[in-house]
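Across the two complexes that follow, chain A remains constant while its partner is chain B and subsequently chain C.
Here is the complex of A and B:
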């Protein structure tokens, strides 16, 4: 399963409580759309660390990296490339 | 369920005192009000108090084999007895009852001590092999049924409850200070200790064998075991969810085997809701359910219970627990727990079983065990968050995740405040420590011991943390931290407190048998083989169970916030009307006379409570711990003659 799909499934299942793929757009802002609160973002970070085996530094915990499926996918790609 | 008790001569030449044996069994009459049975010879006396559930007509115990050389008394149920009976008959064994008890003697003839591996059930067994002069005490795998023993004057006394043993030994007991120290750290004594000096608890999954030559061997036949980190069942999630569903359905179905009607507890949480839904789909008769509600809104789960009752259309009875009920029933509760307790939560469970008894039911299924086996508790979440934090202990953001668990934590956007750092941040530099998960809890619980008297402190010769470390298996080092937390939780809190003080004792005080499908050893072994990420997906607890129960339980229950079961502590004892027995037991003279606690400190605590300033966990646990220890002393030491000898 692609990274993008893994993240989509996690958000849909755990925060939107649905398996309807149309309920989430990859560019939807988690905070603006009320999908996640700031603590919820930390859960997503936990998920990324657990599933993708990367470590997110404090300075990387910013909306540009984590506030949508697209942002997360791009962030993980950058992290993997820099390793 | 039932009660068992007995005497074994070790090097004693004394005849077995039948009157004494009967007096011991009499102490267990609440466990088995339907009849008594005895076997005695020159070496052994076996006694049984019966609660008739299977084979009402001919299931009396003790039960023997074909030539009456092997005798057994047992408390519990062998759920696979139908299959075992058929197998044993094919091997040539002749049965004279239709009970589950009889499979034990024939299995022992066939397989020796390995007989226990064939049993699927919950049991405390005493077996006498008169030909080989071998005596066995055996306890079920997770520790559902209690079994205690003590050696005194060259005789071994055993019983389902300690009061039967005290009656047998005829000696006023003494407090085991080390066990109280352990209880006020880990919630229950470590290993085989009990708070009664010299009385041992046979550990779950253990067998005590006494040979003719007097050699005594205490061996484990089953353990909670986990794979090395990474060596988990590798199958698609959907397949594992189906496997779990099918195991739970079978574990539930065999637990419906009974010659009397079977009901179920319904709390409104995921576990009991899953259970009643499974029963509903796989049983033809209308289900009977029972629940407890609380006056205190914050503790009450009635709306969720109602949803489930509507969903399964059960015939339901509910009882409301008031604060005054807890105070009124507290002494009776401690008589049955036979141990100090740190929360009042067992009391409502006793009130609930009295409701079951009132409706003439003898058996209930409960969801106990799901949190331990499939990863439901907050302590597991807390562990995950602390491990997440430990990856970068200087992180400003990582500890903020604790707010998911404890929304009242006010941490702003800056660094975690000092109290969060001090409490949850403990051992962050030692994430590989075997008991990393439990350090914050044990640290809080240990505050109860600040109230110990100096005499009591002098008696604490061993370090409880060393005792705990010694009780852990060597293999724990190879396990994932989540599995380590599950192991410690199951061995300490579940076996030592939830299944005993809050489980068996609160059921049996009203002659009710509890059955626990989530603690079927096949379910436990399956759960233990899972990747921890399937038990808790990030912070989504019991993830695989939710998947497996998707088609049984409404979404509103599956996705609901998990509410820990609790009962009011301090508010139950300190109301507008003074409570005489509480005042007396906590008085300076009473505290000083018993000698366990410092009377000045206790007086300060009482003052603080009366001022209305005692609201934290520490004060609540200390009050319940001190009050229950004082009651324990009164019931078993001060009133020994009246409560034990004159019965």
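Here is the complex of A and C:
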């Protein structure tokens, strides 16, 4: 399964409580759409760290890296490339 | 209008007309601009049949518009209901109807606003959509209504101190919502007291992340405006780095949070990376903060006054504070009563208990609410001879410092939210096949408590967690969603049928 799909499934299952793929657009802002709150974003970080085996540094916890499926996928790609 | 919120704002407008009152992103508002726009709103309301003592609800996130509308309603002689913007349409409609709101100032972008309009009976109240071009029939243009800035003197004069200024709803999905009635005197007295112990002044500025619809955020808003300080609005703690950047870049002097706010800052940021040398004070309320975190914060931010505070919506916000110089001597304490407030620990017969003995906190002062809106029974169950029965269990040490040890009610405290288990149980019980449910709070390092629902499914039915959570998400505010669902064959009860909640809190 692709990284994108893994993240989509995690968000859909745990925050939107549905398997309807149309409920989440990859560009949807988690903040603006009220999908995640501050504990939710921490859970997403733990998920990324566990499943993608990358470490999210404190200073990387910014909307540009984490506020949508697209942002997370791009962030993980950048992290993997820099390793 | 001697002891009113309007007077407090007006004093700042007189003293610091050109000072910045509010910053939100690129938007700034000086005190005189804020006042003029609020007067414009008051004029508009009065022209549109808004009478003395009428109510107006605000369905707006923290914003300059929220503040303008809030004071506009007060100047017009009305009372404000700051609606919880995280709530779903069923709660919002319930509160709008229960409060008899004549007007609703709403953001057109609010996710629930169309549902609210669909559910509310026609002509129940008038909606003013804030911030966007208006296209709907019968709507009123927010940009136009702020234009008439002459002070409506006639209505200012009629503002008596005891007048109802605000109703803050604390719970209620159906049946009886609990609306805490706060008068101008309640709020004025509490704010004056807060100004004294925090030593707030016009050189202060605060980054506010607390929602104004709760009493803590409400008190931060009004106390900083009363001081002539600057409020910088940041509406989310989702990205704590961003908040610290603003604190550093704008040389902010104050910051207020709940325990989870500080937990996030301590565990997901590097405080040393930010120049916080302008920061003078931090305040914490909304539940107990682990003394270890207080110690860490003091260590990482030496020289900053850290105020631990305790309060309730029913007390306009604040009841006690621990002076920063006592943090080391009195770890875990909520301090002593703030100026103008008396606190007592009493037993179940309302008799004062001895030092070190646990009982319930009772509070007395001009900040204690008028009562619950349209609910005398609920009011008389918590107000005795002017004393508020808080529901918090505590003891007092030999130096008169108070320590909270628990609660005498089933209320769940998660993050900054006070949640009635009944609100959630009621929604889960609506699902076909749910025979019984009990909702409890379970200890959590970040939030204080998280919500756990124990569900019994009726014979012959099946239920999966996702279906149950989807129903909850559709009908409950996000902070009321259970984090933990357990399916069981039965719920433990006493012989009289009362749920043994403590057995489920593990």
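Note that the second predicted complex is superposed on the first by the 83 of 83 C-alpha atoms of A that agree within 3 Å, B and C clash if a C-alpha of one lies under 4 Å from a C-alpha of the other, contacts with A are read in each partner's own complex, and residues count from 1 in each chain.
Heads up, the rule we're going with is that a contact is a pair of C-beta atoms (placed from the backbone, for glycine too) under 8 Å apart; a residue touches a chain by one contact, two chains touch by 3 or more.
Quantities reported herein were computed from a predicted structural model and do not represent experimental measurements.
Trainee: Output check: A:49 vs chain B and chain C. Expected answer is one of first, second, both, neither. What do you get?
Mentor: First partner only.
Trainee: Name the contact category of A:58: first (chain B only), second (chain C only), both, or neither.
Mentor: Touch partners of A:58: chain B and chain C.
Trainee: Who does A:17 touch here: chain B (first), chain C (second), both, or neither?
Mentor: After superposition on chain A, A:17 lies in contact with both partners, chain B and chain C.
Trainee: Could you say whether A:31 touches chain B, chain C, both of them, or neither, answering first, second, both or neither?
Mentor: second
Trainee: Scan A:5 for contacts with chain B and chain C and give back first, second, both or neither.
Mentor: After superposition on chain A, A:5 lies in contact with neither partner.
Trainee: Tell me which partner A:39 touches in the superposition: chain B (first), chain C (second), both or neither.
Mentor: Both: A:39 reaches chain B and chain C.
Trainee: On chain A, which partner's contacts cover more residues, chain B's or chain C's?
Mentor: In the superposed model, C touches more residues of chain A.
Trainee: Which chain A residues are contacted by chain C in one complex and by chain B in the other?
Mentor: Dual-contact residues (chain A): 17, 38-39, 42, 58, 61.
Trainee: Looking at the complex, which residues from chain A come into contact with chain C?
Mentor: The contact residues of chain A facing chain C are 13, 16-19, 30-31, 34, 36-39, 41-42, 58-59, 61-63, 66.
Trainee: Under the stated contact criterion, what part of chain B meets chain A in this complex?
Mentor: For this pair, the touching residues of chain B are 384, 388, 391-392, 394-398, 400-401, 403-404, 533, 537-540, 555, 559.
Trainee: Can you name the residues of chain A that touch chain B in the complex?
Mentor: Residue positions touching the partner: 10, 14, 17, 38-39, 42-43, 46-47, 49-51, 55, 57-58, 61.
Trainee: Please output the residues of chain C touching chain A within their complex, sorted ascending.
Mentor: Answer in residue numbers: 86, 111, 236-242, 260, 264, 268-270, 273, 415, 446-447, 466, 469-470, 472-473, 478-479.
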